[in-house]
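Presented sequentially are two complexes of subunit A, the first with subunit B as partner and the second with subunit C.
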Partner chain A sequence: MRRAGRLALQYGLVVVAALVLNFILPRLAAGDPVDYLIPPDSSGFVTAEQRQATLARYDLDGSNRQQFVTYVKNLTHGDLGVSIRTGQPVREVVTGRLGWSLLLVGVAVSISTVLGVLLGFAAGWRRGTKRDIGVLSAVLAVDALPAFFVGLMLLLAFSVKLDWFPVYGAIAAGDITGWARVTDVARRLVLPASTLILTGIGSVFVVSRSALVSELGEDYVFMARAKGLDDRAVRRHAQRNALLPVSTAALLGFSTLVGAATVVETIFSYPGLGSLAFDSVLARDYPVLQGVFLLLALIAIGANFFNDLLYPRLDPRVRKVG
Partner chain B sequence: MSRSSKIVATIGIGFVGIILLAAVFAPILTEHPPNTTSGLAFESPSADHLLGTDDLGRDLWSQLLFGARISLSVGLAAAIIATVVGTVVALIAGYRGGTVDAVLMRVVDLVLSMPFLVLVLVLVTYFGRGLSVTIALIAGVLWARPARLLRGQVLKVKEFEHVVAAEAMGAGLWRILGLHILPRLTPLLSSQFVRAAAVAVIVQSGIAFLGLGDPSSVSWGATLSFANNASAILTDAWKWWILPPGIALTILIVGFAFIGYAAEEWADPRLTSYGYQRGVRRVLEEHPASPAGENESLVVRNLSVHYETEPPVHATTSVDLRTRSGRILGMVGESGSGKSTLAMAIAGLLAPPGRIVEGEVVLGDTDLRRLGRVGLTKLRGRRFAVVPQAAMSLLDPIITIRRQVAESALMTRRDGLEYASQLLSRVGIDPDRHDAYPHELSGGMRQRVVIAMAIANQPELLIADEPTTGLDVVTQRELLDLLDSLRSELEMDVLIISHDLRMVGSIADDLAIMYAGRIAELGEASAVLASPRHPYTELLLNAFPPVLGPRRPPVPIPGDPPDLSQIESGCPFAPRCPKVFETCLETVPEYVPVACHLAAT
Partner chain C sequence: MCIAPLLNRSQATTFTQMKLRIAAVLSVFVLLLVGATAQAQDDESVSLTIGLHAAEKNLNPLIRPMALPITHDITNLVYDTLFWSQASVTPEPFLATGAVPSDDARTWTVSLREDVVWHDGEPFTAEDVAFTFQLVSDLEGPARYGHHVTDHPTFVSAEVVDDLTVVLNFENPIPTFLFLPGGDIPILPEHIWADIEDPLADATSVAIGTGPFKMVEYVPDTSYRFEANEDYFLGDVTVDELVMPIVRDAQAAWAGLQSGELDFVTRNVPAQLIDGMNDNPDVGIVEGSRLQSTYLMFNTRKPVLNDPVVRRAIGMSLDLDVFVNLVEGGLARPGNDTWTHPDSAWAHPTGGHAFDVDAANSTLDDAGYAMGDDGVRVSPDGTPLAWTLYVNSFSPPQIRSGELVAEQVAAIGVDITVEPLDPAATSALRRPSADGPPQIDMFINVFESHAHADPDHLFFFFHSPGRGVGVVFSGLADPEFDALVEADIAASPEDRLANGNVAAQEKFAELMPAVTLYYPDGRWGYRPDAYDGWVSDPGHGVFNKKSFISTYAAPEAVEETDEAVPEEEPAEADDDSSATTEEPADTDDGEAMAEEDAPDADDATAAQDSAQSDPDDDDGGSGGTVVVVVLVLLAAALGGVAFMRRKKATTGTVED
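Let's look at the complex of A and B:
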C-alpha cells in the first residue's frame, strides 16, 4: 500500500505539472493573444472594446495569477472553455473525437503489437541467422516509410485504382444503423489502421527482438536446457520474461501513437483527436488545442500509471519491494 | 561485428551517401530553383523538367535535390542537440543519483510518453515555423530517449574499477564524467544519435506535410503536401510528384535506421551472436562406440573439445574418464583447466564456438554422440541430469519454484505439482516456501531447488558443476551431505566438478585432477589425498590446507595455467613444476594413470 500511496503522489505531481504546462505554454508564445484569438479571416482592425471583450470571453483579462485561478477553477468543473472556431464547449468537441481516436489507435496498436511481438520473437529466437537479418531489414525498411507516404500509396492503390475502400471519413454521411453501420465503420477503418500498423510495427519488433535475445542469454534459459526441456518449453520461459519490457513499451507507446495518428487522420479525413489538433492549429483555435493537449497528456499519464500498477502483477520481483 | 550486420551497415551508409551526394551537388544537377516558378503548372516530365512541375510551376526535380539539404540538416542538427542534451542529463542523473536522478527521470518519463507530434504541432503554432525553430522543437522532445538509455549505462560504468580509482584519487567531477565515463558510452551514444536523426527526419517531414513547415523552403514533406492538396493521386502526376520524394525520404530514413541497427549491435554484441547450437546435425562417428563396462555408467574416451575461435582453444585434449556405479567422482582443477567445458560437452550443452572434435561419450550402452541434439535433449534430465554453474540465477525469476520443479518431472501438470512438493521437501525446503519465487530464497535454498529439479526423474548420473561455489562453508557442507545421501538413496553416480580439492575430496570416492585440458592424475580419493603422485596434485593440496589438524597457511601455486590456444611441446605443467627435468620440456607425458614423467620412471 505504501507503494500505491507513493505512486499516487508522484502521479498527482505529474498531473499538476501537465496542467501548469498547459497553462504556461500558450502564454510563452510571442505576440498578443488577441492576434491568436480573433480568427484569421476576420482579423484586421480591432477596437479597444472588442479587444477587451475578447479577452474577457476567454478569461484572459486580469493578472497571470488571476487567470491561473480561473483556469483551475474551470477545470474542476470540467470546463475547458469554448471553441473559437465553432463556439461549442471544448469538452464536447474533444470528447466527441476521443472515441474515434481510441477506435483507430486501439485497433492499430493491438494488431501491430501482436504482429510485432510474434515477428520479433521469431527473429530473436533465430538471431544471427540469414532469416533473422532478412526479417529485421524488412521490418526496419517498412518502419522507415513515412506514415503519410504509406497512407497516400494505400489510398492510391486501394481506393483510387481498385476502389475497394471509401476514401474519406470514419462513417458515411446520413443515417445508417445496425449491421450496415458496423461494416461501414470497419471498411473505413481498414486503410488508416493499416497505415498505422505498418508504420508502428517496427518499434514493437525491435523491442521484442532485443528483449528475447537478452533473455536467451540468461542462466535460467541454460538451466531450462540442462534439465532437458525441449526448444518449445525453453522458448516459452524466455518469452514470458521478455514480455515484461515489451508490455511496458507497448503501453507507453499508445499515447504517442494517438498523437502520431495526426498525419494519418488528416490524409483519411478521420475525425480523431489528431486531426482535431491539426485543424485547431490551422484555425488558431487554441482553447481546443489546449483541450486536446490536456486530454492526450492525461492519456499518457494514465498509461504510465496503469503500467506501474500492472507491472508488479507480471513480475513477482517488484511486488514486495517498497 | 557480424558479417550480416556489416552488410546492413554498408547498405545504410550507401543510402545516406546517395542523399548526401544529392544535397551537395544539387546546384550542379539542376538549373531550376526549387521554390520559384520556372515553367507552367502541372507539367509532365520533359527534358527541361525531369520530373515535371507542381501546381505553381516549380520544378520537381529541383525540389527533390534541394529537399535532401533540408532533411539532412534537420536530421543531423536535431540529432546533435538531442544527443548532447540527453547525454548531459544522463551523466548528471546517473552519476549524482538520489533526488536529482529521481526528478530528472520522472521528467524523462513524462516527455517520453507525451504525444510528441501533437506537442511539436502545438509548439510550432506558438513559436513559429522557421527551420531552426522546428529543429529546436524536435530536439526538445527527442532528447528523452537517449537520456533514459544512457543513464542506465552510466549507472553501470560508474562502478567500473578505473572510475572508482579516479574518484579515490580526487579527480574532479567533469574530469571523471568526460574522461572516464563518456568514452564508455560511445557505442550506445552513436546508435542513439543515428536513431534520433531518423526520427527527426520523419517528424520534420510530417510537420511539412501538414503544411506547418518552414514556408520559405520546399522540403520533401512540403512537396508531398502540395501534391496531396492538389489531389495528385487522382491523376498520373503521383508518379513524378509523390513517388520520388516519398522514396527519397524512405531511402534516407532506412539508411539511418540500418546504420543505427549496426551501431546498436556494436553497443550490444549479443544482439546477433549465436546462442545454443541448433539445427546442426552432428556428424556421426563411423563406428558406434562400445558400451560402458560392468560397474561403469559414464565412460568418456579420448575426448577433445576445441573452441573454434581464432586461434582455436584446445579446451580439453584426449580426456579419458569413467564413473563407477554408485560412486562419486570428483573432478578438480583451477579455473581454465577445461573441467566445466568437459562437463558441458558430456551433457551436450556446449555452445558454439565450442565443439567436440574427437572422442566418445557413452552412458551405459548409449552412445551419446550418436544421438543428435533432439535425442540428447530427451535423455537429459531423465537418464542423466545436470546442475550447471552459477546457481544464483539458474531459476526463472517469474515462476514459482514448485512449478519449475514440476516442469522437470515427466508427469501431468497436477501430479507434477504434488511430486514437486515431495522433491522440495526431500531436498530440505520448508513446505510453506514451496510456492515462493526464486528471489525470495537464499543462495543455498536456490541450489537445493536446482538439485530437486535434477533428481526429478531419478537419473542414473548426476553431473554437478561447482555446486557449492559462492556459498558459505556451512551451507557447502550441508549441500554436499545432501548430494551424498541422495546418491545412495537413488543409487545414482555423481560427477562433481570443483576447484576445491579438499572439499570435493571429503565426499568423493574417486578423484580426477585436471590440468590444461588433460587429466593429470586419477585414482581413489583416499590414495590421491594421502599420497599424491603428480606434483600438481601436491601443490593443489598445499593450496587448500586441511580444515582439521594443525594450522598451515595456504600456499598458492606459482605461475599461471598455460594459454590453451598456444600449443607447446612438453608437459603442460613443466613451466610451473618444482620437480621439472629435461624430458618434461620435450614430450607430453603419457597418461598411465598419472600424466607425469616422474611417475612413469
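Let's look at the complex of A and C:
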C-alpha cells in the first residue's frame, strides 16, 4: 500500500505538470480564438471592444496568470468551460467523443495486440527460419505503410469498389435503436479499426517476438529442455514470461493511440478525440484543447499507473516482500 | 494470416478445429451485419443524404459562419428572408409582398405575407421583422449579416404598423434595400429569441424558422437532419427529409457519392475527377458558375507597396492563364483587373487583365526601382522589393497559386516568399496592431459570392478605413476612389445596373490594391436517381432552397453533361428592379439545371472550418490501379510465406 501511495504522489506531480503544460501550449500558437471566430473575410473589422467582449464570454480576457487561476478554480468544481468553436460545454464535447475514441482504439488495440502476440510468438519460436523471416518481412512491410494510405486504400477497396462498408461516420444520422444501431456502429467501425489494426500490429509483433526470443535464451529454458520437457510446455512457460513487456507496450500503445488516431478519424469522419483536438487547434479553442489534453494525459497516466500496479501480479520477481 | 502451418502436426489438428469454429462464428456475424444493413426503404418518403464539407453550428445566424459559402444556403433552408435574394437581379417577394421607399430612401414600408407560420405553429407577424432588425443592430456583433444593419445602411428603428406592415428607418439612404438587407437577413422569431439571454452564445438550441425545412436534429460536428415543412407558404417541398452528415475528408466524400451513400456533395468537383464521374452512369455533374474569386491582396500601407506603380507592375507580371490551367485544371476564368465577378449584376462590361512583363519592367525602371545585382529591385530609399506572401495552408489551390506568383514576379525583379499558415494565424497578422497598421505584406484568399453579389462591395471592402472593413483588407485610402464609391452607394439600382459601378471599377484597376487571380467554375456531383430537382439560383449554386420547392425545382431528368454550358447568366441589366413587387415574379433563374450562376463551396482538405471557403482541392484519381497493385504485392508476399510454410519435420529443433 505504501508503494501505491508513493506512486500516487509521483503521478500527482505529473498531473500538475500536465495541467500547466496543457494551459501554456495552445496559447503559444499565433492568433487567438477571436481570429478564428470572427475572421476578416466573413465578419469584417473587429474593434478592440468587440474582441475583448468575445474573449470575456469565455473567460479569456485576463492575463495568462489570471486565466490559469480561473481555469484551475473551475476545474476543481468540475467545470471545464465552454467550447469556443461549438458553444457546447467542454465536458459534454469531450465525453461525447471519448466514447467513440475508446471504442475505436479499444477494439483496434485489442485485436492488434492479440494478432501481434500470436504472430510474434509464432515467429519468435521459429526464429531464424524462413517462416519467421517471411512473417517478419510481411508484418514490417505493412507497418511501414502510413495510416492515411492504408485508410484510403481500404476505403477505395471496400467502400467504393465493393460497397461493403460505409464511407463515413460512427453512426448513421437519424434514429436507429436496438440491434440495428449495434450493427450500424459495428459496420462503420470495421474500416477505421482495420486501418489502426494493420498499422499497429507491427510494434506489438516486434516486441513479443524479441521478448520470446530472449526468454528462450534463459537458463530455465535450457534446464527445462535438459530434463526432457516437451516443446509445448517449454513454449508455454516462455510465452508467459514474454508477455510482460507486451503488456506494457499494449497499455502504452492504447494510451497514445487515443490521441494519435487523428488521421484515421479524419479520413472516416469518425468523431473521436483526435479529430476534436485537430479542429480545436485550428480554432484556437483553448477550453477544449485544455480539456482534451488533460484527458489524454490522465489516460496515459492512468495506463501507466495501472501497469505499475499490474506488473507485480504478472511477475513475482518484482513483488516486494512485506 | 494462416497460423496453423506454423505449428507442429500434433497441434495442427486441434488448431484446425478451433479455426473452423472461429470461422463459423465469424461468418454468422458477417451474415448478421449484412442482413441488418439490407433495410427496406420506405418508398413514399424521399430522403436525401447530402455530404457537408464542414460543420456549421446550429444555424444561429447571429454568429460567425463556419461552412462558407453554403452557410447562407443551409441557414435559408430553415429561415426565410423578406426578399430572395441579394444576388438576383430582381429579388422576389418571400416573407414580404412588397416594400415602398420614402423619397430619400431612408425609410421603407414593408408589407408582409399573410398566413405564414413558424415551425412551432406561432404566426409570423411584423413584430418578428422589427425584432430581428433591432436585435442584429443591438448586438453590433461582427457576423455574416451584421454590417448590412449596422454600417451600410445603419438601422435606426422599426415601427410595427399592424400585423402585416412594418416601417424600417435607416440613417442613410438605401435604394438597394430589396437586395441588402432585404434579400439577405433571415427573419427570426421574436417569441423565441426575446428570451435568449446571450444570442451570440447560443449555439446549441435547434433553429426555428419559417423556411421549407424544419431542423429536427443537430449533432455538433457530426450531422444535421431536416424534415419538410408541410405548411410552407410557397408550395410543396419536394424532399421529405434531408440528412446531412459532415464528411470531413474530400476523398471520402467522393467515395460516398460514387458508392451511393451520398446523394449530393457540397464540394466542387475537382478537375481530376470529372472524367471518372462522367463515366459513372449513376453519378451526374451539374455545371454552373460560382460568384467566387481567388485574389492576391497587398497591404497598401506598407512602404513600397503603397505605390500603385509597384502594385500594377506586379499585377502585369502575372500570366493568369497559367493559374487557370495549373491550379484549376482549366476549369476557371482568369481574373479581371476590375475586381467584380463577370457574372455579377454589377460587373464591369468588359473587365480584362493586363499582362505585359516588359511594360511592368519599364514602369518600374522609370519609377526609380533599380534592379539590384541579385536580381531583386531596390526602391530609391534602399528598400528591396522582397515580401512574404501568406496563404491558407489547408488550401492546396492557394499554396499552388502562391508559388506561381512567386515564380512569375521574379521576372520583374520582385522577390516573394510563400508562407502557408493556418487561417487563425493569418487573421492575426491582418489585424491592426496596437500602434499601427497590420504587419502582413500580402496574402491570397477567396472572395465569396455574397461579396461579389453585394452592389456595394467596392465601397465596403475598399473604402478608406473609417467606413467599411478595408482596414483588415488592403487598407486602401484613396480620396478619389472613396468619392466614386460613396456616390455609387447612394445611386438607385436602375442607375447601377445601367452603368454597373464602372468608374469605381476602373479606378480600382488603376490603383490595384488587389489582383484577382481567377474565377473558378462551378461543378457539383449528384446522383440523378436519388434526386434531380437541383436548380441553379444566381449567387447560390444548386444547393439552395429553390431546389426543394416544387414551384422552382426541376424534377425532370437533367443532362449530365460535360458539354460546356455557357456560364453567362441573364445578369444583364434587366428591365426594372422596381422597388415594389406584388406577385412572386416568375423568375429568370430556376430554369432546368445546367444553368449557371452560383457560388458554391468546396473546400480545403481535412477539417477546415475556417471562414475562408476554399475552392476544391483534393485530387481524386482512381485508386483502382493502386489497389490492384497493392493487392498483388500482398498476395505475392502471402504466397511467399505460404511457400515457405511447407511442412517440416517436427522435432524440437528450430533450425531449418
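Observations, loosely collected:
Throughout what follows, the second predicted complex is superposed on the first by the 296 of 322 C-alpha atoms of A that agree within 3 Å, B and C clash if a C-alpha of one lies under 4 Å from a C-alpha of the other, contacts with A are read in each partner's own complex, and residues count from 1 in each chain.
Methods note: a contact is a pair of C-beta atoms (placed from the backbone, for glycine too) under 8 Å apart; a residue touches a chain by one contact, two chains touch by 3 or more.
Owing to the predicted nature of the structure, the values given are computational and were not obtained by experimental measurement.
Of the two partner chains placed by superposition, only subunit C is touched by A:135; subunit B is not. In the superposition on chain A, contact of A:147 is made with subunit B only, not with subunit C.
Contacts of A:118 after superposition: subunit C is touched, whereas subunit B is not reached. Within the superposed three-chain model, A:88 lies in touch with subunit C and out of touch with subunit B [touch as defined at top]. After overlaying the two complexes on the shared chain, residue contacts for A:184 are found with subunit C alone; subunit B is out of touch. In the superposed model, A:213 lies in contact with subunit B only, and not with subunit C.
Look at A:155: by the touch rule set out above, it reaches both subunit B and subunit C.
By the document's definition of touching, of the two partners only subunit C reaches A:271; subunit B does not. In the superposition on chain A, contact of A:259 is made with subunit B only, not with subunit C.
Under the contact criterion defined above, the residues of subunit A that touch both subunit B in one complex and subunit C in the other are 29-30, 127-128, 130, 133, 137, 141, 152-153, 155-156, 160, 225, 230-231, 266-267, 278, 282, 284. If you check the complex, the residues on subunit B that touch subunit A are 2, 4-5, 7-8, 11, 106, 109-110, 112-119, 121-128, 198, 202, 205-206, 209-212, 221, 224, 227-228, 233-234, 238, 242, 246, 249-250, 253-254, 256-258, 261, 264, 268, 270-276, 278, 347, 349, 374, 377-382, 385-388, 390, 393-399, 407-408, 437, 439-440, 450, 453-454, 456.
Residues of subunit A that touch subunit B in their complex: 10, 13-14, 17-18, 25-26, 28-30, 127-128, 130, 132-133, 136-137, 140-141, 143-149, 152-153, 155-156, 160, 209-210, 213-214, 216-220, 222-231, 233, 237, 240-241, 244, 252, 255-256, 258-260, 262-263, 266-267, 273-274, 277-278, 281-282, 284, 286, 289, 292-293, 296-297, 299-301, 303-304, 314-317, 320.
Of all the residues in subunit A, the ones that touch subunit C in their complex are 29-33, 35-46, 50, 57, 82, 85-88, 93, 115, 118-119, 122, 125-131, 133-135, 137-138, 141, 152-153, 155-157, 159-161, 163, 166-170, 173-174, 179-180, 183-184, 186-187, 225, 230-232, 266-269, 271, 275-276, 278-279, 282-284.
Put simply, subunit C touches subunit A in their complex at residues 1, 3, 6-8, 11, 32-33, 36-37, 39, 49, 51, 55, 57-58, 64-66, 68, 140-144, 146-147, 198, 200-204, 217, 219-225, 243-249, 251-253, 255-256, 258-262, 421-431, 445-448, 460, 468-469, 471-473, 606-612, 623-624, 626-627, 630-631, 637-638, 640-641, 644-645, 652, 654-656.
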